[in-house]
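Next come two complexes built around chain A: one with chain B, the other with chain C.
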Partner chain A sequence: MALDQQSAPLDAALIARNKRLRRQAFTVGGFILTVFLTFLGLLAITFFIGRVIPIDPVLSVVGDRATQAQYDAARIAMGLDRPLWQQFISYVGNVLTGDLGRSVSTGRAVVDDLSRFFPATFEMATLGILIGIALGVPLGVTAAARQGSWLDQAIRVVGLLGYSVPAFWLGLVGLAVFYARLRWVGGPGRLDIFYDGLVQPVTGMILIDSLIRGEIDIFWNAVSHIILPASVLGFFSLAYIARMTRSFMLDQLSQEFVTTARVKGVPERVVIWRHAFKPIRVPLITVVGLSYAGLLEGSVMIETVFSWPGIGNYLTTALLNADMNAVLGSTLVIGAVFIVINKVSDVLYRVLDPRAR
Partner chain B sequence: MTTLLEVENLRVSFPTNRGRVEVVKGLSFTLGRERLGIVGESGSGKSMTGRSILKLIRKPGEVTADKLRFDGIDILDQSEKQMRAIRGARISMVMQDPKFSLNPVMTVGEQIAEALVTHQKLPRSAVQARIQEMLHAVRINDPERVARLYPHEVSGGMGQRIMIAMMLIPEPELLIADEPTSALDVSVQAQVLDIIDTLVRDKGMGLILISHDLALVSRYCDRILVMNAGRVVEECAAGQLENAQHPYTRGLLAAMPTIDESRDELPVLDRTQWAGT
Partner chain C sequence: MSTRDWLLADSPTSRMQANAGRAYRVFTALLRNPLAVLGGLIILVLVLTAIFAPWIAPYSPTGQNLSARLLPPSSQYWMGTDELGRDIFSRVIWGSQITLTIVGLVALISAPLGLLVGAIAGFFGGWVDRILMGITDIFLSLPKLILALAFVAALGPGINNAIIAIAITSWPAYARIARAETLTIRNAEYIQAVQLAGGGPIRVIIQHILPLCTSSMIIRVTLDMAGVILTAAGLGFIGLGAQPPLPEWGAMISRGRTFILDQWWVATMPGFAIIIVSLGFCFLGDSLRDVLDPKSEGKN
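So, the complex of A and B:
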């Protein structure tokens, strides 16, 4: 009897804990399920678009001098004679087992290609967005805090340039000035030619791989090569981020609670950063996320100008060669990047905004 | 009676496409440690009067006055830094709608604490104790829980009591209440005003109650200014309101319904009776 009474509250605590665990499991489960369904939708869309565009994948494999018999044999070998839904199911199966097919233009598995090209883009885009955030946010906040001042005007001009200057032009001028004339940075490519291929890829990102291997020389060489293209990308995201930050901040600064803070006698610096800036972190995440996704998609112009072996270059080459497997694979990776970024910003929303919890 | 605030010929203007427009046109009054009501319709300049006392009119708005003195300090002469030592600590303001005037991403406790520690350096435990005490004073029974809430988690009436707690915690000498109950249900209006009234009396503070509600102002104030189009049209003791002379005030009073109403239609203000506005 006495034992029963003792165990009763213990049981209650246990049940409460179980409930909480179950709820957490449900949230995580729901999260994974939505990611999976979104991914499946993405697969379906890329697959069917790939089938309706007027490119004959068989022709790009066998070439236009093949006989009808060779053509038919290749068509059957590629499984294109089967009904569309069967093709889709086997495609999904292949993708889930990590098989994206073979690229016609490079002759390698698409997965291998992507694992070489995507890290290059990832490295450059990440550095670019970091530059964009580090400069764009403070500039936007300052512009809004001193609305109408010369600084505000200057920042608006920078923002306008970010919209109107073509990326390839800025890249070329950057190369001409900082590489060809001033010799401050490395030229096109990820490394100087005599460093190329010396680092065994681990992550595929040279900045990280060279540090892991302890190759400091190579690291600094990679930095000198990546800094210019990343800055050019950074400039474009900076311009966008600064403009958006400025307009979000202006909106917040006219809110009543900002006046409340001033009534309390809080210094203006605190009014701006604690009261006006904190609430705009959530919309800023959307802006930064979209801008980052845009950079990860591969800036074809920048990658071409800087001979950067990134996914934008890869995708363009694949498109021009009607290399459907490579196109679908790249599209899939880019789509997956969008899904991941969206999901991460969803999570950050909930962390940063008490109203969304 | 000691004079807390002296205002003489206060003018507030804003530039527009058609030149500068004055929204307060030569306002004068003095205030001791008493309760002054400023009533008037929307756009009569009453809120701008409150904000110019705190020097919160931002450019391109412009404030001029022959005299704007708080406790002998010339407000218009103060630098922004000197004003920050006055705002909150000596003159404070309760704003209209807690939905918009409380920061949505800071907890209630953080916001009240900020009002206090901006002016007084206190150890953390003392700050917490003061917050609890202040929330009790505005009749919030479970201050520990409420301090952890975010503004969207409290009701309008509670939000306004939190606002009052936040504005009174540094113990200012003058409180400006700018339409403190306009956003609230009638049933909680009296409750909030009673709290303001009690605290103002207990601490011997001056109060400027800005409102468009004549009945409310005459109940909670000692003296009343009636404003219209940037000017004071009537100044009287709260008890003398029914003897008001100015046609505008008389018009407002006539338009108030009473409980044993026999009129089918309430009269509308006849604005031709006072020229030039």
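So, the complex of A and C:
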């Protein structure tokens, strides 16, 4: 009897623990399922764009100048004589094994091209988001702390400009002012022409590679080239991050525990940074994640303006040459990175915020 | 009884009077908001410019004058001239027609489409809801601009295809809103009353659910228009949107790229037009939200 009584609460705890585990497993399973379905959806869309919309998908892959023999070979290689669902399955299989086809304009496999161009985009977007966080968060907090002041108004205008200035235009104006007039920064490209190709790529990111090789001159040259495009990207994430930070902070500052802290005589600086800012760090992660994903998109335009050898530049060149394999490959990679960033920030939010568990 | 009293009556005697009264209240609330007035004025000017372009523009938008190439802004050419001697001011004026067409058509295609998908998903629930919202979520979790680029690449460059591509990528946001609104009213008593009276799903959705979604839809569409303008200009800049010699603002910036270091005005001037018009939509959308939906003030 005594034993039973003792084990009863233990059982209850065990059952509760099992339930929690099962629920967590269920959430994890559901999460993996949504990620999987989203990727499948992305594949379905690129498949649709590449195979269904064009009147002659073969022509869009081999190009106008192909001979009849090349055309026929491509038609069979693409499996266009098979039903659509079989084509889709083999397409998914190809993508999963890393086969994105061959680019008409560069003559290389699209996967090789993409892995060669990705580091440049990654480097620029990452620097951009760092600039956006470093300036956007303090600006947003300050705007909320001094709601209605001229600073708040100015930050609101900056936020709205972030939604209404074309990124490529800002890049061009930046080049005209800071490169052509003031000579403060380097021009288009990643390095000055006489430094080009001197650093053996390790990571593909020129800032890191030049440091690894101990080429300080090249490092500073690379900095002078990346700073303008990264700042333009940073402006857009800054606008969004500041706007969201402000709105989160206003929510917190109107809460009762903030009033209590103020009544107790806690210094305003402590109220703002410790009481009000701490709880909003978690939702800010989602904002930063979304903004980072958005920068990947923005970099397509920026890279065109700055002749930046990244995926965006590769994509626009492919678009103009109607190089469909390259277009769909880049779309797939950018889309996949976009999905991953979105989902990871979602997971981080759930893990870090106890209320969302 | 003055018109104003009739509009503001506490107990309107007809549906028309109630609607007119509500519209009047929203309108006066907007008039009290300086940003709303500014945004409204900008959009009004855009519409008037587009309609009266032939009379406003001092020169032809496509007429070339090679003796007047790349002239800086002056009293004769307000925004200077481009590499073919065309007056940039006239081209910007004519470009407003293209921008307005794109914005209008994208809104006309994507908003009703999203509205319908969202209302159907919310009303029927179950598997219909899961499938429709699954598709919506997939579209929402993909980058809009890249998707639009890929669609235009497959469809072929041009304004019509750009409009289709932008519309395809912008309906999902409206579907989400419409679904959320539908869920809150689906089980309302008046809906049950209509159903008891024999109203079928089509009648309920079209006559009793969709009208209630419109106010949040108008806000969202107005806010999104800035993004649509930027995407369209981006497509034009890359060379996939409006084709030369059409005076599309993004394409004009793209042509000015070559001269940005010495003849800055060629690329800069059309950019100002884009910024002003986008800001106009932002201002109006922001203030509309404050007036029509005060709960969400300050949120995203």
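In the analysis below, the second predicted complex is superposed on the first by the 291 of 357 C-alpha atoms of A that agree within 3 Å, B and C clash if a C-alpha of one lies under 4 Å from a C-alpha of the other, contacts with A are read in each partner's own complex, and residues count from 1 in each chain.
The rule is short, and it goes like this: a contact is a pair of C-beta atoms (placed from the backbone, for glycine too) under 8 Å apart; a residue touches a chain by one contact, two chains touch by 3 or more.
Here the structure is a predicted model, which is why all the values come from computation and not from measurement.
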item: Touching partner for A:V141 - first (chain B), second (chain C), both, neither; value: neither
item: First (chain B), second (chain C), both or neither touched by A:I272; value: neither
item: Chain B versus chain C as contact partner of A:L160, first or second or both or neither; value: second
item: First, second, both or neither for A:G41, with chain B first and chain C second; value: second
item: Touching partner for A:I133 - first (chain B), second (chain C), both, neither; value: neither
item: Which superposed partner A:M249 touches (first chain B, second chain C, both, neither); value: neither
item: Partner chain(s) touched by A:L315 [first = chain B, second = chain C, both, neither]; value: second
item: Chain A: partner with more touched residues, chain B or chain C; value: C
item: Contacts of A:V263 with chain B and chain C, given as first, second, both or neither; value: first
item: First, second, both or neither for A:L100, with chain B first and chain C second; value: neither
item: Touching residues on chain A, where the partner in the complex is chain B; value: 255-257, 259-268, 274-275, 278-279, 352-355
item: Chain A-touching residues of chain C, taken from the complex the two chains share; value: 134-135, 137-139, 141-147, 149-155, 226-227, 230, 233-234, 237-240, 250, 253, 256-257, 260-262, 264, 267-268, 271, 274-275, 278-279, 281-283, 286, 298-300
item: Footprint of chain A on chain B - complex, ascending; value: 54, 56, 80, 83-89, 92-93, 95-97, 100-107, 114-115, 118-119, 150, 152, 163, 166-167, 170
item: Chain C contact footprint on chain A (complex, rising order); value: 34, 37-38, 41-42, 45-46, 49-50, 53-54, 60, 160-161, 163-169, 172-173, 175-176, 179-180, 243-244, 246-247, 250-251, 293-294, 296-297, 300-301, 304-305, 315-316, 318-320, 322, 324, 327-328, 330-331, 334-335, 338-339, 342-343
